Amino acid sequence: MMEIEAYLRKDYITNLINEGKRIDGRGFDEYRKMDIEKNYVDDKACGSSLIKLGKTKVLVGISMSVGEPYPDKPQEGVMTTSVEFRPMASPTFESGPPREEAIEVARVVDRGIRESGAIDTKKLFIEEDKVWIVFIDIHILDHNGNLIDASGIASISALMNTRIPKYEDGKIIYGEFEGKLPITCVPIPCTVAKIGNSILIDPNLDEEYAMDSRLTIATTDTINAMQKGGNGSFKEEEILSAIDLSFEKAKEIRKLIEE
Amino acid sequence: MMEIEAYLRKDYITNLINEGKRIDGRGFDEYRKMDIEKNYVDDKACGSSLIKLGKTKVLVGISMSVGEPYPDKPQEGVMTTSVEFRPMASPTFESGPPREEAIEVARVVDRGIRESGAIDTKKLFIEEDKVWIVFIDIHILDHNGNLIDASGIASISALMNTRIPKYEDGKIIYGEFEGKLPITCVPIPCTVAKIGNSILIDPNLDEEYAMDSRLTIATTDTINAMQKGGNGSFKEEEILSAIDLSFEKAKEIRKLIEE
Amino acid sequence: MMEIEAYLRKDYITNLINEGKRIDGRGFDEYRKMDIEKNYVDDKACGSSLIKLGKTKVLVGISMSVGEPYPDKPQEGVMTTSVEFRPMASPTFESGPPREEAIEVARVVDRGIRESGAIDTKKLFIEEDKVWIVFIDIHILDHNGNLIDASGIASISALMNTRIPKYEDGKIIYGEFEGKLPITCVPIPCTVAKIGNSILIDPNLDEEYAMDSRLTIATTDTINAMQKGGNGSFKEEEILSAIDLSFEKAKEIRKLIEE
Amino acid sequence: MVLIKDGKRLDGRDFDELRDVKMEVSVLERAVGSAYMEWGKNKVMAAVYGPRELHPKFLQDPTKALLRCTYNLAPFSVEERKRPGPDRRSVEISKVTTEALSSVVMLEKFPNTVIDVFIEILQADAGTRCVGLTAASLALADAGIPMRDLVAACSAGKIQGEIVVDLMKEEDNYGECDLPLAIIPRKGEVVLLQMDGKLTKDEFKKAYELAFKGAMKVYEMQKNTLLGSMKRFVGEGGNDDGN
Amino acid sequence: MVLIKDGKRLDGRDFDELRDVKMEVSVLERAVGSAYMEWGKNKVMAAVYGPRELHPKFLQDPTKALLRCTYNLAPFSVEERKRPGPDRRSVEISKVTTEALSSVVMLEKFPNTVIDVFIEILQADAGTRCVGLTAASLALADAGIPMRDLVAACSAGKIQGEIVVDLMKEEDNYGECDLPLAIIPRKGEVVLLQMDGKLTKDEFKKAYELAFKGAMKVYEMQKNTLLGSMKRFVGEGGNDDGN
Amino acid sequence: MVLIKDGKRLDGRDFDELRDVKMEVSVLERAVGSAYMEWGKNKVMAAVYGPRELHPKFLQDPTKALLRCTYNLAPFSVEERKRPGPDRRSVEISKVTTEALSSVVMLEKFPNTVIDVFIEILQADAGTRCVGLTAASLALADAGIPMRDLVAACSAGKIQGEIVVDLMKEEDNYGECDLPLAIIPRKGEVVLLQMDGKLTKDEFKKAYELAFKGAMKVYEMQKNTLLGSMKRFVGEGGNDDGN
């Protein structure tokens, strides 16, 4: 529950924003410094990326296993996205099964990737009743705001450097690889926060405390996923300008991770 | 835990009963008004019934799926009964897995149907290792007393209007049907409560607070299931007269749902 | 959490030990009276032993079922060890899934048996993808100290009197047997406690409250498993002398259960 | 699957036409407030308990009530039985529903308490989160919980390249996009917005407008329902009514 | 399977004959009270803890103690291993056992507390709920918990058309009906009654009488066991006993 | 699998040679203290929160803090994905890690509180419990929690009949024995000791000595790391540093 200090901090941030300033000096349309270390879990995972978005740290690892397809798509591989808010990342995170905040992050990241068709799941068919399962595991290590974007960007980056293990005689040969995971496009989620009447991108932790609501828009060449969060509301024009901003920022970020 | 108000209410009800009266004016051997809406979940469930027993509301839906038989009965279909005390139904119900009260309702309803052989499970065999599974899902929506009878009556009513989906090439074709679920008899549970030295049928919520114990008897042409509940005790003659009452009332109810 | 009484008891025990005495008059290298009733669950389990170690009572039952082998050992049977701290056994045990203390007991017992190769799992192969699964279920009934040794000794004793059920046409015929479970050696765990500067074997409950740390050593003709527990520390020479003591005591106990 | 033929949808609707909607309040005895809705083939019940004391105490907020919405899909509400208990989809819907309603309920009036809203989907046929949220809003009003406005919801989507309002099951399954929207009508602002599929910005604008107009229609029905309920209440209590 | 031959049952018993029953109390060190029973091939232990303070506090009843019985089937107690943890059957048996014992334990003497009764089925061979309840009643007496009476239990059933007392496993599996009964002997009233199968009213009466008489025999054994235990206790404490 | 060739191990190490070890502290923003380690292919992070008030209150110890270590293997840290959530192995490692650290942390200084230590194995390649414990010890120091000493850990084992230090994955899989050890270096005593496999007493002595020496090397690295961190801290705050 919110305490006095949280209220004061919220007031302080809101006043600052109303004056057109952010606590860390950024412009309203400016992301924090983003640093992506690809193949961080180089020896064990099939793919991985560690992202530092300001002081937020998220590690995404990709595991591949062989399993059954969904009955309604018998010729396609399967992807599944899990998020763990590790208790290491914040004093408010607890051990135990994911709570609703973690589930929301997982589902929004999942939708951006799934709906854009970023993974060419048709190429993950092995034989009847056997397809590749792609596990996207998002490990939150240090929570300093905007977990959705950090998680989504690290996820697509990790998928882009994922290799498919060798599969012979019904067994996966870990450590040997057959090729790269087929990726068709690069969906990027961008999140804006609304504080007072201002819209600003990539809220840090303090700004998340102060925000009334947020809106995430994941884009490729189209919009692929949207998610409004928080107890506040958005006007139509705010949504439309957030869409423009998302397309623009996604282009910049896409360059960064395609390097 | 019981509070002062509950004690007062219990006293009031008990005194009333001792004077030969019920709070809603019914006779001791009289059910509340019973209203059954068959096929309530008309488009999705294989069978369903919504019962209103006084102000108690219970919705039962039947789902059919294909699975493995029990090893000791390889030629027979399977039935399974679940009860959910939805938190919507009472301020004392909580979200989460069923507690002992819900489990008891499920098991007593299940026994009445199972032991009477109401479902002709031998006709639910499909092929080796494949039989129909009949799911009876009991959804308590509004708890105003006597959940066992409401659940049991709605369950057999729902089963009686259940259709078996089409099954082709190892897949269920939902929305198309092959025939009706084979029902051989109509087991009806009747519950009496003991308050002071009086035995009365179909206790409402207030009477359940006041009752010392209850006895449920599910009958077809024989007794198929019995369950004593509550912290009190029964004399032999009370049990025997409850049996007579159960046979008699079951006949009336059977007519109602066979309409 | 520890209470005043526990502190006083701890002090009392520690002082006693420092004077070279134990509360029940035993020598530091002396086990409590050990009584083993083999085949206690004579009619239902495949093997069983009830041990009384002083006032500690542990019942171990062995169940056999047929299942899949581990992928990396397709020709070998499987063993699995579970411990339940039944709430009957102590006012501090609660219903629910095993807590860390119970898991530790299970894992230490398991390691002693597994690492010594006591069960000849290669003889538990049935046919492709089908092997015997040996379930060791440890049921703590009365906790008066040294649960690891009591559990480990009862487990190997139960395994030694385990029979393999008949298996015909893909089904287990319970109650008929094909032969004995193949046992190659008799691993015995011995636990010492460190109280002050003293090392003593087979701590009872009071001594467990007072002990700084404990060390379990499971032996056959070699050491097969070790586990240090508790918040204190051990010197090298203490460990070495505990090893000697463990080999020696294991011999005595082995005689007892091989009778 | 052909979803559009001769400019009409599978069930004969125009692109901007809602399915049939029925609303009723005070349908349950035990709950403080309740509502029942049919919307196309959807059948949904909502119930409100509280404000009541929140346990355990350390969860209490001395400045406002906690609002807690629980969305639940009955096992038999869909063709292939759904296993009981919350899955990740239900948890997410519960969360966005709670947030949407938190924007209107005057939580500050009931410090240290919890207001529970339970949404049961009894039969599901696409758009259940919109129906559930709309019904929950009615149940809150029925419970007499003070609100700044109602919340009304409606979805839009894209099927065979066309933007249409209020997808039914087949359109949801075989269509290209779904966009559920909830608004607070008096301010005309958005309190729930989700989307998945593929939409250009222009398509989004069109879908947004259709969903918004749909929600405004739903809002009118909500007001009429509550008005009818109040009239009935006045009528029942008054002297001039013979019923 | 032939269950009756020449008027005798599989194990040679007459229709109204109980299996062998053994009882013992004070078998555990840590528990406040405990009992062990063998009944046919059943082996059952019961233990009592409390009255002790109930946590969390909001569960406390200021007018009486909470009684909580937990019935548990050990994994190895049946031929095909039972997975650890409570299943629906165990939960139901725990509930009816708790209710049966609540009728005799003087709960009103220990407000705000809980009395826990743990029943462990170590080997199971039909009728375990009757054995468990009978043992639990002994363990409560052994713990010195004040009771208005003991509870004694016994089952009856129908096999091959005959009503018989105290079914063993094969009779339970292949028989037509099982009726477990528990009574408070002094009042002669029923505190546990369950039944499943097929019985006419007349058959029920016959089964009821057999089970009732069986329970009365069990009651005599319970009293003797407790008397023996008290004698031993007096003997141990006294001066005139050389043991 | 051949693990030793020409007196050298698979990765060219001598029998008494450790894998490469890297240490860093203060790597996380939110945690009170944190550390990162690479040890061979292992990558491990540790974080400390607290001392903070312990809830629920009845768990509080008025004489000292509760130390609670949680060891967790990330799903992608091993080749075949590990299902999230604690398994029995993790629970056991968490327990022995907690006990090892309890021997040095001055818990008595913080009554009624809890100190949480979280260990995340991000990439696993044998010996993770030793790495985790070593990192946890650094994180506690980084958090400024008063300790009597650091805890340093290292394993030894037997491969192809030879006793060697610090097993890597292949050696652990195909070797005959693993013996993880943790010490409090100033007293030279053992606070964690586990072993499984087959060892004679003489082999144990040899393995013990190798592991002990390995842990002493690790201890030196720990001290240097913390010293470096302090220097950097002093440097950053001081006037004479141009960085």
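Structural remarks
Per-chain residue numbering starts at 1, and chain names A, B, C, D, E and F are given in the order in which the chains are listed.
To be clear about the criterion, a residue touches a chain if its C-beta (ideal position, glycine included) is under 8 Å from a C-beta of that chain, and two chains touch if they have at least 3 such contacts.
Computed from a predicted structure; not experimentally measured.
Shared contact partners of subunit B and subunit F are absent.
Where touching is counted per the definition, subunit C and subunit D have no chain in common. Chain centres computed from CA atoms place D at the largest separation from subunit C.
Chain centres computed from CA atoms place B at the largest separation from subunit F.
Rounded to a whole number, the gap between the C-alpha centres of subunit C and subunit E is 31 angstrom.
A straight line joining the Cα centres of subunit E and subunit F is 52 Å long.
Inter-chain spacing, taken between the CA centroids of subunit B and subunit C, is 47 Å. Residues of subunit B in contact with at least two other chains: none. Shown for subunit D are the residues in touch with two or more other chains, namely 58.
Ring order, beginning with subunit B and continuing to subunit E: B, E, C, F, A, D.
Across the interface of their complex, subunit E is touched by residues 1-2, 100-101, 103-104, 106-107, 111, 114-116, 213, 215, 222-236, 239-240, 243-244, 247 of subunit B. For subunit E in complex with subunit B, the residues that touch the partner chain are 58-61, 63, 88-89, 91-92, 94-96, 99, 102-103, 179, 184, 187-201, 204-205, 208, 212. Looking at the complex, you find that subunit E touches subunit C at residues 28-31, 34, 41, 43, 45-47, 49, 52, 70, 72, 74-81, 84-86, 116, 118, 120, 122-125.
Within the complex, the subunit A residues that touch subunit F are 40-45, 48, 55, 57, 59, 61-63, 65, 82, 84, 86-91, 95, 97, 135, 137, 139, 141-144, 172, 174-175.
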